[in-house]
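Input: structures, listed below.
In the two complexes that follow, subunit A is the common piece, with subunit B as its partner first and subunit C second.
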Partner chain A sequence: MKNGLLALSAFLLASTAAYAADPGVSDTEIKIGDVNIMTGPASFIGRAVSVGSKIAAAEINEAGGVNGRKITIVTEDDGYVPARSFQALTKLIEVDEIFALNGTSGTANVLAMMPLIEENNLPTVVTTAPNELVYNPVRPSVFTVGASYSDAFYAQLKYIHENSEPANAVYGLIRQDDDFGGAVEAGYDRAVKEFGVKDGLRIRFKKGTANFAAEVAQMKQAGVNVLANGGIIAGAANILGEARKLSMDLQVASVWSEDMPPSVNLSAPAGYDYLVADYVALSGPAIDAFLEKAKKYASDEEIGAINRYTYVTYVGLKALAEAMGQCGQDLTRACTVEKLRGLKDFDTQGISAPLSFDNPEQLSGTAVAVYQLNAAEKTFKALTDFADY
Partner chain B sequence: MRTGHFKERTAQLVALSDSKVVWSFAGLLLALVLAAPFLIGNYQVTLLVSAMIAIVGAVGLNMLTGTTGLISLGQAGFLAVGAYTNAILMMDHGWPVWLSMPAAGVVSALVSLLVGVPSLRLKGLYLAITTLAFAFIINHVILYAEWLTHGPNGIFVSGAKVMGVDLQRGKALYYLTFGITVLVVFAALNIQRSRVGRAWMAIRDHDIAARVMGVDLLRYKLYAFMVSSFIVGIAGALISLQIRFVNIDVFALILSIEALAIIILGGLGSIAGAILGAIFLSLLPEAIRLFFDVFADTNSSFYTTYVYEIRGITYGIVIIAFLRLKPEGLIGLWRDVRKYWSNWPLAY
Partner chain C sequence: MDFLLLLLASGLVSGAAYGLIAMGFALIFKSTGVVNFAQGELVMLTAYISFTLYSTFELSFFPLMLVTIPISMVIGLVLERLFIRPMLGEPIFAIVMVTVGLAVVLRGITIMIWGPDPYNFGAGIPAEVVLVGGVPFYPAQIYLIGALAVLTAAGWAFLRFSRMGIAMRAVAANETAALLVGISVSRIHAVAWMLSAAIASIAGVLFAANFKLAPDLWFQGLRSFPAVILGGMDSVIGSAVAGLVIGVIENLFQGYVGQGLREISGFIVIVIVLMVRPFGLFGSRDIERV
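After this line comes the complex of A and B, so read on.
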């Protein structure tokens, strides 16, 4: 009788534990979701993100997983359309029953997913959209890897101001007419005010603009020789191409998307050795070691898709795994969120500055390093170490 | 005795259907759709909500393009107007959803006058380009009127409750969308067989002949713009309730193209066609995903690398093949099946 009661109690305890467990966790597996841009013109970002998750998961699994549980990545494509991001996350939550989210697409896409993330208390590491709108107001289960665009531009302009010291410096800004452009302008604004330099011209352009002839001609007329280039990928390249046509002598600060190989291939022909500030390393031993590791876990094609977004997502998943690991066997979303919130100086082996989410915004990787492109060789050299601005 | 589908009286001609079988099937279908949330999972419910919103939008566009023959590429703009109106009224002015939703339709209809009036003498490609320009203008207005629209930051939409029921979740959102879809479809069917609807069709078939018959072209074209935009505005409001976030990126130009694809694929001018087209194109990506998931294990590395592109290409191929082989759309296919069923074993 006594044994029967004990067995019944044990069974009830076990079943309570089973019911208490959150979706996406079994004895052997943890499902992590990834909503990304796998199709369309920006798909090279999504593919890079996907490779980062894959390498991190493979490495973690090979080392025994998270307390014995293997990580499985479930990727959904949103084609960079916010409505599809919402749909994709609904599918990941309802059908695939993911435990947490790592890859998170663009800013508007993350925002479209936010009600679902909050509703499910889904531990989420935002790896591709470090926009203020994502972390302000702070959502309890959302943790962002990345610096602000504002800091990135400020860091570059500071470097130019202190080191290049162009004669008769006239600063100019060209930026998109959206939230991202606003963040770029905030960094520019801070720099020109703090350094007391001449603010020659600020131009807004419509997202998707391809022809910048008039804008760059205006820049030339205003005598701009330090340019904060807020264009992205083809847009940034077109701006530099127009500047080259007008033989403008320019020091250029760029968005971190301009350190990706596809962007470099577009922009390098203009011949400007532009700067980029990034919160992940672009060269050096950490990246060499990562690429060596990638050969073990990824196909040649996937290795070809690697860019900065791969590094960001890799460190994002490692941080998430660290938090899940700290929860031990009783893995729940609430515990993971708690541990992520307490994460401090998590070592990324030099791929970025150490990650800490123990700040009011739950934003980590705020430190950026400034790099310079060698346009002839299409390589980047580090000009500064990671530093907070 | 019934002889094919010949009509003998005007009343038969304008009746929604003279067949008891059709009404029985429609009743059965309605009952099934009503019961669906209890039979399927939440994700499938979300898909059905998206499909129903697409139906509302497609029926709206169909009034303008299919019934009246005025090609519009401004659908994304009107959807945005509806969504933003609903979001602004709910979140910034505290309107209840049962007031903000119709207001979204009204504002969208009023805004349509801005594009309708200058476009009254245009048709075909000229009108298409004008409406496209309208979508661009709306885009700019939303971005720059930050005091009203919050600019690029977008607006989170929450708190759509009626008598304590949260209308933005699961079954409640499903039934709200379903109710609106049924209303819109019946309204559209009735408008089509009214004096206004017949005038629209006359304008579509031959506008000069319609004018000779006494149809006031300008007035009826404006009616078409307003009715269509009202319905599309309601669809926009529904999108804002479903996604719970509106931002200019949600209403990309591709939406206008997709809307046009829906009504062409479904069958221009037919409400049933718009419904079929909306369901088909909304659920096609999911069907393709399920199809490829079956083969995911056979050649996993190939699918890991290319599956998303393959899905996209398949989506395009299905649309091209359909339009090439069945240009009158899904409704044409349905009519063929019905004819075959009625006439069998004879061919005609």
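After this line comes the complex of A and C, so read on.
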């Protein structure tokens, strides 16, 4: 009888590795969730994000997985609707039993998911919504990659001020009348105050505005020749198109969404070699190597969907895998969170600045590099290295 | 270059877009009594169809429209036959709800077929800036204003002189009486949808040529609705004129009064006008004898 009990205890102890682990982990697999914009007008973001996860997972799995466990990505579509993000994550947690979360959709979406993330102590790497609301107040299991729009605009305006300052510089800002626009204006505000340049005009517009003729006419009237363009995609292109019509000579700083191919295709005909600042690389050896890798793991259609969101998500999953790997065989959410919190100078192979979450905000990748579009060739060249501002 | 002139010119451009879209609304309302909430989606769908034709055959503007307009009219007819005709005799509210549902379906279909990415759609119109009286325009902007002028004149002539136009006015005035004198009301409804779709295609192509082709193009339908109200729900010509009025007022508000007032300026005007003329600037006054 005693021997029987001992044998039973030994058997139970031996099998606890699988049974005691958190959800989403088996002896052979780790399930990572991805709540994303797979349908609707913004789905080019979600498609790019999911390609980034896929390439990272394929690369990790080919190298033997995380301590022998293969990564499986489970994607749910939220259509960019915060209520659907909550539903999607509920499904991922309760039905798919994911271990951690990598794709997190937009800012409002990740905020909608926050109660579930906190309740489940879900290790979460936010790569596509580096908004202060996400990391302030800090949630113990949430780690954010990315710079602020404020820093991105400041970096560009600093570059213009120091390197290509036009004569009689008059700065102007056009931005959405929302939180995103507020962040853009914060960077602009910091720049004009710090550089002591003339603040010509600040204009706000409603999201969804297509016709910027009056706004650009106001810019022309105010003599603006350095423009902080807070428009995105078609909006940004329409602003530049109107500026071209009025023959405005402009140095232009743009939102980082303007480095994506759909945006470049829309804006390039206006002929402005505008700047962008981004926390991921847009060109150079790191991107060449990544695209070469993509050919191995992704289909032609998926490669066509690649943009900056692919790079940030790839980096996010690699960091998450690194932390999980450091936990060894006894992989738990608590351990992963602890290891993420200790991550320091994680090498992203040049896709972004090295990642370190060992700071009070658990925020990394805040360094941005400034790039310039060649409108004729629709390519970007780096003007600066990654730097914190 | 004069700032006021610039604002007036750009106001006319955006107003022409509003006016064209509003004409489509008014045409259907005039002959069927239904507010077609899918008009913006019709503008978007026909613009995307035109974009495909342009990408495939590389047509210049006028040949492109010669192909786009008939296709759009067929689409208008099919939508009327499939969704509106079966609702004949049902309460107006039910028919309006069908158009709301149709709008959502058309939005979904458009994204399913053409995807979410926005496109440059030149529509075969040159992109070099031209000066008119010293004011710069893109040719597509001039086409937009020109199209509104031509369609307004054509619409007036059609409703005033053609048999179909007069029949349409008769149906609008009194559907039962029109039936009694042998007018086919169902045919009038179909023609209204076809013509409305034709106008939508012109509006859609020219809007996209000026402001990019994107899946949120349908939203311009809602943005044009104030022009319909201001012009008078049942006045096709009034809607066109009201579009211009709203476009110019919006731009002047933006340029002179202050930020963020562009969106509300049109509505301020509407509220004031409707308080004085509840049936709009050019709408028919409802008279009931008790």
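Please note the rule applied: the second predicted complex is superposed on the first by the 378 of 389 C-alpha atoms of A that agree within 3 Å, B and C clash if a C-alpha of one lies under 4 Å from a C-alpha of the other, contacts with A are read in each partner's own complex, and residues count from 1 in each chain.
One rule holds for everything that comes next: contacts are C-beta pairs under 8 Å (C-beta built on N, C-alpha and C of every residue); 3 or more make two chains touch, one makes a residue touch a chain.
Quick caveat, the model's predicted, so the values are computed rather than measured.
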Touching partner for A:81 - first (subunit B), second (subunit C), both, neither: first
First (subunit B), second (subunit C), both or neither touched by A:94: first
First, second, both or neither for A:177, with subunit B first and subunit C second: both
First, second, both or neither for A:136, with subunit B first and subunit C second: neither
First, second, both or neither for A:329, with subunit B first and subunit C second: neither
Partner chain in contact with A:28 - subunit B first, subunit C second, else both or neither: neither
First (subunit B), second (subunit C), both or neither touched by A:210: second
Which of subunit B and subunit C A:111 touches, first, second, both or neither: first
Partner chain in contact with A:43 - subunit B first, subunit C second, else both or neither: both
Interface residues of subunit A shared between complexes with subunit B and subunit C: 39, 43, 177, 206
Touching residues (chain side subunit C, partner subunit A) in the complex: 1, 3, 6-7, 10-11, 13-14, 17, 111, 116-120, 127, 129, 136-138, 207, 210-212, 214-216, 219-220, 250-251, 254-255, 259-260, 262-263
Complex interface listing, subunit A residues touching subunit C: 39-44, 177, 202-206, 208, 210-211, 213-215, 217-218, 220-221, 233-234, 237-238, 241, 244-247, 262, 265-266, 269
Subunit B residues within the subunit A interface of the complex: 41-43, 46-47, 50, 140, 143-144, 151-154, 156, 158, 239, 242-245, 247-250, 252, 254, 301, 305, 308-309, 311-312
Touch list for subunit A against partner subunit B, complex: 38-39, 43, 77, 81-83, 86-87, 90-91, 93-95, 106, 108-109, 111-112, 114-115, 133, 177-182, 206, 299, 301-302
